[in-house]
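In what comes next, chain A is part of two complexes: it sits with chain B in the first one and with chain C in the second one.
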Partner chain A sequence: MRASIGDKVIFTHAELDRLIALLWGDGIPVVGPKVADGAVVYEPLGGIGEMPWGWSDESGPGHYRLVAGEDGALFGYSLGAQGWKRHLYPPRQNLFRAERAGRGFRILRSVGDDASPPMAFLGVRACELTAIGVLDRVFSQEGFEEPGYRSRRGKVIIIAVECARAVGTCFCASAGGGPAVDGRFDIKLNEIVEDGGHVFLAVAGSDTGAALLSRLSVVPASDAQIIIAAAQPVEAARQQSRRMDAEAPGILERSLESPHWDDVAGRCLTCGNCTMVCPTCFCTTVEDVTDLSGNHAERWRLWDSCFTIDYSHIAGGALRQKASSRYRQWLTHKLSTWHRQFGMSGCVGCGRCIAWCPVGIDITREIESLRKAGGSDGTD
Partner chain B sequence: MDGYPKGNAVGAPVDPMIPRPFRITKVKSEVPGVFSWHLVPVDGGGFAYRPGQFNMLYLFGVGEVAISISGDCRDGEKIVHTIRIAGSVTKAMSSLSVGDVIGVRGPFGRPWPVEPIYGSDLVFVTGTIGLAPLRPLIYEVLHQRDKFGRVIICYGSRGTDDILYEDELHLWRGRFDTNVHVTVHSAPSGYRGRIGSVAAAVRAAHIEGGDTQAFVCRSEVMTKPAVDALHERGVSSERIWVTLERNMKCGIGLCGHCQFGPTFMCRDGPVYRFDEIEHLFEIREL
Partner chain C sequence: MPDRKRPKLAVWKFSSCDGCQLSLLDCELELLAVSEAVEIAYFLEATRKVVKGPYDISLVEGSITTPHDVEAIRHVRRQSRKLITIGACATAGGIQALRNFKDVKDFIDLVYAHPEYIDTLDRSSAVSEHVRVDFELRGCPINKHQLLEVLNASLNGRRPNVHPHAECVECKMRGNVCVTVAKSEPCLGPVVHAGCGGLCPSVGRGCFGCFGPMETPNTVAMAAKLAEMGLDGRDIQRRFRGFNAYADAFRRESEVHGG
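So, the complex of A and B:
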C-alpha cells in the first residue's frame, strides 16, 4: 500500500525491524534506544532485538531505574538518559586543525568541510522533538548558522514515538514540550500492544516518511486503533504530577536577588549534571592542543557547563564564585532570559535535570519556592 | 537611537570560527605589562570594522583571547591591538616579534554609536588600559570634528608611569578643540598634574549635561562611580555608553560564556547604552 502524508496506517513490530534494515540498506545509520549500564541510551541500532523490549522505567528526584514493563512494548520506557543533542551537536567537535608554516600557521581543515553522514533517529519523544526545535533556533541566528549542526540536522530522518505514559519527573504538558507529537517528524508512531497483538500506528509527516512507509507492509488503521492512539498522549499528560509555573520567566526576573538562591546553593553540588542531560543546553568551551613537536595544533569545541568556575573566568578571576550565582545563571537562563534571546523557553519539561541531579533538586519546586520568596508579581 | 546597530555590525566573517592569519608589522611597548601590535592580513585582503568592536586573537597552538581593536578604523593598511599581559596566552603573545603571524577572528560585537550622536558634546571617561577600546572612537570623532560639540577626555591611571598612549594624550591636550583631564592615583612629590579618582575628574570637568553623550570604559566596579559622577553632571543614563567584559570563547553568541542578563555580550555588547542594563548592573555575580 502506498502511504501519503497524513495517512494513518498500521504495521507490525516485525515491519519496524524491516524499516531499520531498509534505512541501513540505504546507507542511513539508525540511532535508537538500547539498554546500556542500567539505562536507556540512544545509540546505533541494528534491529528491534537490540531495543529495550519489555523494559520500562521509573524516575523521581535523584532517581532513575529500569524496571520490567508489563506489556512487552518496545517503547515502554519514557526517555533515554541523554537526549539526541549528542548526535546533533557532539560533546567533542573539532573546529580546525592547523600546522606551523614559517612564522605562522596554515589551517588544514575546518568545521565547515565536515561532511557528516545522514542519520535516522528512532524513538524521538515529543519533548525531545520540541528540544530539537529549540536547538534549531539556537544554532540558526541572524546572519549565521552553525555549520556542523546544520549539516547534521539537515540530514536527519526523525521517527517520533508518542508517549502513552509519564514518569514521575515528566512535566512536558505544563512546559509546552508535549506529550502530543505535532510536527517536525518524518514518521510518527504510536505503539499499540493489546490482546496479544503488537502493532504500530504510523503517520508520515514528510515525503521522506511517506516513501519509507510505502516500502513497508502496511494496512489502513481502524477507527478503534485511531482512538487508542489518540488517547495515549492524553493519558501521558494526565499522569503528570509535576507542573512548571507558566509565570516562571517573570518570577525569575523578579528573583535575581532572592534569598532563596542561597537555599538552593546549600543543596546544589554544582556538578553540572543538569546541564549535561538537558536536551537544550548548548554552552561550549574550546580547547587548543598541540602534538609534542609543537608543529601541529587542533582546536576542539567541548560541551561546557555554567556550573564550572572556569565558565565565567575573566582576567582577575571568576565572576560567579558562589554556587548560588551559578545556579541562578542556569535556572534564569533556561526559564527566563532564553525567551528574550530566542523567543521561546529553554525548558521542554523532560525532567532529566530532576532525575539526574544527585541531590534531587527539582526545578518546578524551586520556581514555586522563588514565587513564595517574593518572585510573585503580587496578583495572587 | 534609530539606525544604531543591535548586533555585530559590519564585516561578519564567512566562517567566524576559523582564524585568519595576520602578520605583526610593529610591536610597541606601551606601559609596563602592556604592548601594541600592528597587524596586516597575510592574504592581502582588507579588514573593515567599527569603533568599539573586538577580535579574537589566536596564537598558534597556545590559545585565543578577546581583545578590543584600538586603532583607527579609517586606516586601510593595518589593525592595531593593545594587549595587557594577564594570562598564559597574552604572556606568550608578549614574546612575539615583527614578522610573526597570529590568527584573527572578527570583528565582533556592537560598536560605539557615531552617526546617531552627531551634534552632541562628548565626554570620554576611562582609565589605565580602558583607553584602548575608546581610542578608535576618539579617532573617528577627531576625523569628523565639526560634527560634534565639545570633546572632553577624562583619563586616570594608577601612577605617572602607566599612562597609556601618553604621547597622544599630550597631542589631544594640545588641540584647541579638545579638553583632556589626566588624573593619577599617586605621584612622586613635585608632580603638578591632577591627583585623585576619574570620578572626581568628571565632577571637575565642565560638562553641560543637557546634550552630552558619555563613553565609559572602566572595570565593572569602577564603572558605577563614573556613572554616578556623570549623573551628577546632568548626563542621563540614556546618554551614557559603557563597554563591559566577560569570558568569550566564540564571539557569535553561541558558546554562552559572555551572558549578561538576557544579552550575549559578544553580540549585544560589549557596548551598551547604560539604561539598557542599569537594572542589572549592581547585582552581584550576575
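So, the complex of A and C:
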C-alpha cells in the first residue's frame, strides 16, 4: 500500500524491525533505545531485538529505575537517560585543524567541510522533538548559524513515538513540550499492545516518511485503533503530577535578589549534571591543542556548563563565583530570559534535570519556592 | 619546527609509590616524541644518566614527610624554572597523610623494630606547603594524557587544558548512566576534580575521589546525600579520607563525621 502524508496506517512490530533494516540498507545508521547500565540510552540500533522490549521506567527527584513493564511494549519506557543532543551536538567536536606556515598558520580542515553521515532517530518523544526545535532555533539564529549542527540536523530522519504514560518527573503538559507529538517529524508512531496484538499506528509527516512507510507492509488503521492512539497522549498528560508555573518568567524576573538562591546553593553540588542532561542546554567551551612540536594545532569545542567556574571566566576572573549565582543563571536563562532571546522557553518539561540531579533538586519546586519567597506579582 | 632549544626535564621523587612517574614511561608511543621534544636530564626511574641542573621543567612526585624532604624540595625548587607536582601525594599529601589525623609516634612504635632510627615529620604534606608550585596535576595516579597535555602546554607556552570542574561533567560527556541515580551507588563525583575520564562510573562503581576536591566542592551537601543513602558517620568519614584525605575541603568535611 502506498502511504501519503497524513494517512493513518498500521504495521506489525516485525515490520518495525524491517524498517530499521531498510534504513541501514540505505546507508542510514539508526539510533534508538537500548538498555545499558540500568537505564535506557539512545545508541546505534541493529533491530528490535536490541530494544528495551518489556522494560518500563520510574523516576523521581534524583531517582531512576528500570522496572518490568506490564505489556511487553517496545516503547514502554518514558525517556532515555540522555537525549538526542549528544548525537546532534556531540560532547566534543573538532572545529578545525591547522599547521604552521611561516610565521602564521594554515587551516587544513574546518567543521563546515565535515560531511557528517545521515542518521535516523527512532523513538523521539514529544518533549524531545520540541527540544530539537529549540536547538534548531538556537543554532540557526541569523548571523550565528552553527554549521556542524546544521549539517547533522539536515540529514536526520525523525521517527517519533507518542507517549502513552508519564513518569514522576514528567511535566511536559504544563511546560508546553508534549505529550502529543506536534512538530516536524518524518514518521509518528503510536504503539498499540492489546489482546495479544502488537502493532504500530503510523503517520507520515514528510515525503521521506511517506516513502519509507510505502516500502513496508501496512494496512489502513481502523477507527478503534485511531481512537486508542488519540487517547494515549491524553492519558500521559493526565498522569503528570508535576507542573511548571506558567508565571515562571515573571517570577524569575522579580527574584534576582531573592534570598532563596542561597537556600538552593546550600543543596546544589554545582556538579553540572542538570545542564548536561538537559536537551536544550547548548553551552560549550573552546579549547586549542597542539602537538609537542607546536607545528600542528587543533581547535575543539566541548560541552560546558554554567555551573563551572571557567564558564564565566573573563579577564580579571570568574563572574559567578557563588553557587547561588550559578544556579540563578541556569534557572533564569532556561525559564525566563530564553523567551527574550529566542522567543520561546528553554524548558520542554522532560524532567531529566530533576531525575538526574544527584541530590534531586527540582526546578518546578524551586519556582514555587521563589514565588512564595516574594517572586509573585502580588495578584494572588 | 621553530628553532628552540630542547628544554631540560627532571623527574623527582619524594614519599610516593612511583606510580605517577611510571605514567610518563607508560606514555609508550608518545614517549619517543617527548624525548625528542625535551632532554630527559634527571629521571632515575628511567635512566642512571644524570645531567646537572638547572632544569626547565621539574615534575615532582611524592609528599614531604621527613626533614630531609623539606631540604630536598627547596633544592629542587632552586634548580627549576617550572615546578609541576604530579599526583595526589605531591599535591595533597597522599594516602600517607592519614597519619596526620593521629600521633605519628604511635605508628612508628608499632611498625618499626627500632623506632629510634626513624626521623620523620609529624605530618605528610603537599609540596605547595613548602615551595612555590607552578602547576598541580591531580590524580592517584595521574592520567597520562593529562601529563602529556601539561608538558605539551609548557613547551608551547599555553595554558594546559585541565578542567577543575566536577567529575560528573566528564562522566556525562562520556555518556555514562549515573550510578547514584540509577543504582543508589554512593559516588563522590559531584565534589571531585575531573581528570580520570570517568573510570569508575564507567564500570558501574562510584567515584573514590582520586583527583581530590573540584573547584567549588559542596562537601556538606555531598555528605548529606551519602547519609541519605544509608552511610553512617564512620563510612562518610572514610569516603573523604582516601588518597586526598588532607586536601583542605575533604579534610574539613571528614572531621565533621566519625563515629
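Quick note on the criterion: the second predicted complex is superposed on the first by the 379 of 380 C-alpha atoms of A that agree within 3 Å, B and C clash if a C-alpha of one lies under 4 Å from a C-alpha of the other, contacts with A are read in each partner's own complex, and residues count from 1 in each chain.
We adopt the following convention: contacts are C-beta pairs under 8 Å (C-beta built on N, C-alpha and C of every residue); 3 or more make two chains touch, one makes a residue touch a chain.
The structure displayed is predicted, hence computed values, not measured ones.
In the superposition on chain A, contact is made by A:C306 with chain B only, not with chain C. In the superposition on chain A, A:P358 contacts chain C only, with no contact to chain B. Of the two partner chains placed by superposition, only chain B is touched by A:A315; chain C is not. By the touch criterion defined above, A:G294 lies against chain B and chain C together after alignment on the C-alpha atoms of chain A. In the superposition on chain A, A:F144 contacts chain B only, with no contact to chain C.
After overlaying the two complexes on the shared chain, residue contacts for A:F105 are found with chain B alone; chain C is out of touch. After overlaying the two complexes on the shared chain, residue contacts for A:T284 are found with chain B alone; chain C is out of touch.
Comparing the two interfaces of chain A, the one with chain B and the one with chain C have residues 100, 288-290, 294, 321 in common. Those residues of chain A lying in contact with chain C across their complex are 36-39, 41, 62-66, 81-82, 86, 91-92, 100, 266-273, 276-277, 287-295, 302-303, 305, 307-310, 321, 323, 355-356, 358-359. Touching chain A in their complex are the following residues of chain B: 7-8, 12, 15-19, 21, 23, 42, 60-64, 84, 86-87, 99-103, 245-247, 249-250, 252-257, 259, 261-262, 264, 280, 283-286. Interface of chain C with chain A (complex): residues 1-2, 30, 33-34, 36-37, 148-149, 151-153, 155-156, 158, 161, 163-166, 168-169, 172-183, 187, 189-191, 204, 215-216, 218, 220-222, 224-225. Those residues of chain A whose C-beta lies close enough to touch chain B in the complex are 95-96, 98, 100, 102-107, 110-112, 138-139, 141-144, 146-147, 256-257, 282-286, 288-290, 294, 297, 304, 306, 311-316, 319-322, 325, 329, 333, 336-337, 340-341.
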